[in-house]
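To keep things simple, chains are lettered A, B, C, D, E and F as they appear, and every chain counts its residues starting from 1.
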Amino acid sequence: MRLLVANANTTEAITDACAAAARAAAAPGTEIIPATPRFGPAVITTRAENVIAAHALLDLLAEQAGQVDAVLLAVSHDTALDAARQIMPCPVVGMTEAACLTACMLGGRFGLVTFGSLEMYRELIARYGLAERLVDIIAVNASAPEAVADPDSVGTKVLAAAKALAAEGANAVVLAGAALAGFDNRLQAACPVALLDGMACGVRMAELLVSLRLPRAQAGSYAPPKGRMGLGISPGLAALLRGDT
Amino acid sequence: MRLLVANANTTEAITDACAAAARAAAAPGTEIIPATPRFGPAVITTRAENVIAAHALLDLLAEQAGQVDAVLLAVSHDTALDAARQIMPCPVVGMTEAACLTACMLGGRFGLVTFGSLEMYRELIARYGLAERLVDIIAVNASAPEAVADPDSVGTKVLAAAKALAAEGANAVVLAGAALAGFDNRLQAACPVALLDGMACGVRMAELLVSLRLPRAQAGSYAPPKGRMGLGISPGLAALLRGDT
Amino acid sequence: MRLLVANANTTEAITDACAAAARAAAAPGTEIIPATPRFGPAVITTRAENVIAAHALLDLLAEQAGQVDAVLLAVSHDTALDAARQIMPCPVVGMTEAACLTACMLGGRFGLVTFGSLEMYRELIARYGLAERLVDIIAVNASAPEAVADPDSVGTKVLAAAKALAAEGANAVVLAGAALAGFDNRLQAACPVALLDGMACGVRMAELLVSLRLPRAQAGSYAPPKGRMGLGISPGLAALLRGDT
Amino acid sequence: MRLLVANANTTEAITDACAAAARAAAAPGTEIIPATPRFGPAVITTRAENVIAAHALLDLLAEQAGQVDAVLLAVSHDTALDAARQIMPCPVVGMTEAACLTACMLGGRFGLVTFGSLEMYRELIARYGLAERLVDIIAVNASAPEAVADPDSVGTKVLAAAKALAAEGANAVVLAGAALAGFDNRLQAACPVALLDGMACGVRMAELLVSLRLPRAQAGSYAPPKGRMGLGISPGLAALLRGDT
Amino acid sequence: MRLLVANANTTEAITDACAAAARAAAAPGTEIIPATPRFGPAVITTRAENVIAAHALLDLLAEQAGQVDAVLLAVSHDTALDAARQIMPCPVVGMTEAACLTACMLGGRFGLVTFGSLEMYRELIARYGLAERLVDIIAVNASAPEAVADPDSVGTKVLAAAKALAAEGANAVVLAGAALAGFDNRLQAACPVALLDGMACGVRMAELLVSLRLPRAQAGSYAPPKGRMGLGISPGLAALLRGDT
Amino acid sequence: MRLLVANANTTEAITDACAAAARAAAAPGTEIIPATPRFGPAVITTRAENVIAAHALLDLLAEQAGQVDAVLLAVSHDTALDAARQIMPCPVVGMTEAACLTACMLGGRFGLVTFGSLEMYRELIARYGLAERLVDIIAVNASAPEAVADPDSVGTKVLAAAKALAAEGANAVVLAGAALAGFDNRLQAACPVALLDGMACGVRMAELLVSLRLPRAQAGSYAPPKGRMGLGISPGLAALLRGDT
């Protein structure tokens, strides 16, 4: 199967890192197709950037509609996930959603560790209807560049956060944010509960959905758009909105 | 005060209608500035259109940042509301949010009538944390063109829906959707509970926020962006993301 | 418009202070009519006092029914709010409700700071269906007399509480309690998020409701009483219960 | 033990009926002390009446403080329950609360049948934190006088409502409202799930609390008032607010 | 009445202690019938043990069906409570459920103190639909043997936990776990809110249910099993599943 | 990988059918190991049977601990899921949980169709913290034998239920119950939203969890039992409780 790993940032280096993580996680036979939007924020950290990136992501996906078997959103905010599901003729998975649902399958409640805005992740998990399964979110005092430059020091902080969440009752901890990729492997041995990486969970969830061969919705708010018109929308996206076949 | 009435669709006729409704509702001294996005869907009815329109709306607002005293989103999906609050140096109000909060001030629970996707409105109200105040949503079997062509017939359906919601316990009914503008006046006399129009409520809420002279957040997820970079973002929006002063 | 600022305590000094705050917040053309109940607690701080004051407040409002355009309950417990809405022929607003709904319009979640019983405010916000929007409540270790005698010292404590709530995720902080009036202006410059005063928000919300000219409910639990009889009820209130016209 | 059966209405006939029901339900050794307020609504059916009755009830209880071992509020709105708990030196039970908690002990979810305002009962159960246990509320189209005049016909409606709630998943049905007293015995044989009468449940719950000899709260919002002053409050109630010993 | 006090552990000493506590709490005329399962864990502390004990408990109850007037589950996990209610022709009460519902009748919210797994109790209270009434759970760092060997030291920890919960807003504290039996009497004088023991509450709740003479459900998920077959089920339990009369 | 498909009923024919369904759904390389408990109900339909089957299932799993790579509970009640996760050294998946989480990944809300007790499934989904994602549950008026004897007629009923759920807002429908196996394929073409079969989803979710190589919890309520003793527990299960290595 062909799995589109769609970054929502315009930073190619993040796309490359995500593609590498996806390849490492994928089953044999899963081809990883990395993609980066034409426009939008370099790195999403705020509400406004997430909105711009959402459009950019749909724009990017539209180019690939019909050419891939599934999509994994390689962005921890799961940017534009619902709209992507509506327009694409294949399954679409969000990396943080995938990690949270995987955490659910381990039983009990989970925690989440991030560098970024705690509130945006809290809202995301509430939108997924998973607030009751969430112990808490801890925003570690560190930045993505620090994570690259000094992974030991940042790892110590992440591990402390994960252990604190486990002590509060978490049976698994989701590491949210591209900069936390790989920290699950680095820290797992020292952590009393499972650490979940969104890229690994997301690749496998995408494979799962493809294997189930579920049909696309024909009614309701996820049914494909039809006859929708607009201005200044890229040709690919405009064609999906019109429902061209 | 100068109130930007920002449509999120690219249909000028809707902007004009909203501006007229806003002018009718505004206090003396409130100048209505209508605006229509440069790009995006003609009329938002689906998830994907709402995402594209969200970008278009931020783009539109960025042009006006600093030149208006408040913004009213003239779109019943309250498109991009949170991100607009983050980037704009003035209050931003969503028309459906404004109607729902007004309904809260009448006491008890409220209902919502729309033509469109019931699920998107249900999610919106859940995101506002107002699910407990919502009796139910009824999607009337009619379309915007029908509402224009045959307002009596459509009004009969809307009134029946509002009465049904009142019988279920609603103490007010929000009419959501541009095509329902004016139906509050048309139907109120026959309805046992208040009918709320988002444009009227929104204009007054915007005036209220301006009068309170509240400061902009300096911390947290609504603090203004600073130093955020990207590609292919319009100059005005890019300047707001960089935090230019 | 004539706005009744109805204290629920029998302490005239509080009524005077609230009236002054209301006048400072009001739009030109809004006349503030202060009122104090004939009976009831000097200052409401407990559950039982709130119950007695609720009756006293209805008694007070009944005298003014038909003579004012709106009512603002000048008591942070929003005492008897729902019943007041039922009997009065004009809009009725609670000061804490108004501040909480204003906070909602800034986006995200809010916190609340008070001197008094934390649990009574938690229950109030839960009754408003706003628990999901509430970060937390902090009861500052201070009393109303201390706030008057040593506002600097008490202000330091209130500011610390507001900052702590902001750090937990609050995008606005409601100051609940008459003794906290004016602390929003005093502390705002040093606080990273908006501080909301119930009197200011309440006056503006009352003006908003008057401007919308919404009808009174004709059905349901907020419809005016009709034919209700009783013993030992003051003439004005008894007339409202009977539905005299 | 001496159990005060406190009506919150001023209709003596209801007090008498409740006292009779309480005597029928009580254990040997439980003496029923009926009481009727000095003032207030003849029969509570609206929000405003409930507020007036709440004061009247505290006034009534204050006269009995120290002379009874427990209080049962003989009013289906559980009027002033929390405040009564705060001021009384003995356990206080609400009849609807008692029936709902008894329903919980049968397992699963329960329904509620009433003649009166559905919304007021919905709010009551939500305040008890029991919304998840509630299947639904059905307001039967009948009145208290009809229930007395034509119990067969009204009973048929009540039974139909109870059966409908059972079919929706209720494992017990609470009959709320003085006018429904006795309908549990009349209809139980024909109903597939238990019908719960608030007076019977309430008397037994009051006996239970007395038998447990639990101490009064010394801290928090249920601690006895101390040093609270006011105007025009009856001597007994004023003494309790001052905390006279 | 004959009250079966059914331990779910196979440790006879716990059964004896529970029976003694039950006798101390019971009304005159209540005969306590202690019982211990034939098989299962010595002491339930984990999820798996609770599952095995659930079967053992049903097995034990089946032997007594028809010979007792009520059942009290003498195990703080309220093991198999719902299934026990389904198969037994008499009321069945769980000791922690009984304490929580008693706490509700004191008003406000409650806390819970235990030695054991915090998460299992959190799930239990959520299943009861009482999460909104729960302030928090504190798992004291102590073990059952320590509680026996050094009750003063363990009591100090339990009291500190109870006081912390009261300071957070709890108006009552449930002591959950057989090893905490008797600590309510030991610590009550020093605690500002009521401490609730599940055995005492449970005995009285069982007596209450018997006194109400409620019928068994004839429909729904608590109706008695009928015609259910299986392998290797003890004769008594098999007879109940078949619905033998 | 070796996947244990563990029936919780003692009916071998159901085990065989589930194993066939699992084989049809499995990836190449997944070996299906069917297993049937030694004791317990023939078919679980009631609360009591579910409790007995839970013990039987743990008993069955204990025999396979260490010999399989994952477990799929082939029972729509996900019997003993949490306890199985605690004792087994490999991932354990419940078929209904798997279908519900798969539904989540399609976006929006889902519905559930079953033959059996609606309330038991409602409780199950609430325990999973997924109540907000659930539109409704419909219990079709049919039985397992009827489904086998007259699949066309039963299929018509199931399809009508699924369509009704889609009309209420469901974007996917979970078919819960062994007797509904295969109806997804039979009815999908006529249904506007995806029909989800627990066996297919469960097999794939088990494969996913194995591929992620997550560690077992070392702390909290899912950590392996250690040193737990009991009476009359089968040797394999007793060894797991002791934590023998």
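Everything that follows uses one rule, which is that contacts are C-beta pairs under 8 Å (C-beta built on N, C-alpha and C of every residue); 3 or more make two chains touch, one makes a residue touch a chain.
Source: prediction; values computed, not measured.
S.K.: By the touch criterion stated at the start, how many steps lie between chain C and chain D on the shortest route?
M.R.: When the steps are counted carefully, the minimum from chain C to chain D is 1.
S.K.: For C-D, which listed pair, A-E, B-F or E-F, repeats its interface with over half of the contact pairs the same?
M.R.: Answer for the repeat of C-D: E-F.
S.K.: Taking each chain's centre as the mean of its CA atoms, how far is chain B from chain D in angstrom?
M.R.: 44
S.K.: Compute the distance, rounded to whole Å, between the mean C-alpha positions of chain B and chain E.
M.R.: 52
S.K.: Distance between chain B and chain C based on Cα centroids, please, to the nearest Å.
M.R.: 27
S.K.: Where in chain D do residues touch two or more of the other chains?
M.R.: Answer for chain D, listing residues that touch two or more other chains: 82, 85-86, 108, 119, 126, 132, 169, 220-222.
S.K.: Would you identify the shape of the chain contact graph, picking one of line, ring, star, complete or other?
M.R.: other
S.K.: For this structure, enumerate the chain pairs that meet the touch criterion.
M.R.: A-B, A-C, A-E, A-F, B-C, B-D, B-F, C-D, C-E, D-E, D-F, E-F
S.K.: Can you tell me which positions in chain D touch chain C when the two form their complex?
M.R.: Contacts found on chain D: 10, 38-42, 45-52, 54-56, 58, 80, 82-83, 85-87, 117, 119-120, 123, 126-127, 220-222, 225, 228-233, 237, 240-241.
S.K.: Sort out for me which residues of chain A touch chain F in the complex.
M.R.: Per the stated touch rule, the residues are 27, 81-82, 85-86, 91, 93, 97-98, 101-102, 104-108, 128-133, 166-167, 169-172, 188, 192-194, 196, 200-201, 204-205, 207-209, 211-212, 214-215, 217-223.
S.K.: Okay, in this complex, where on chain C does chain E touch?
M.R.: Residues 118-119, 122, 126 of chain C touch chain E in their complex.
S.K.: In their complex, what parts of chain A are in touch with chain E?
M.R.: Spelled out, the residues of chain A in touch with chain E are 108-109, 132, 169, 171.
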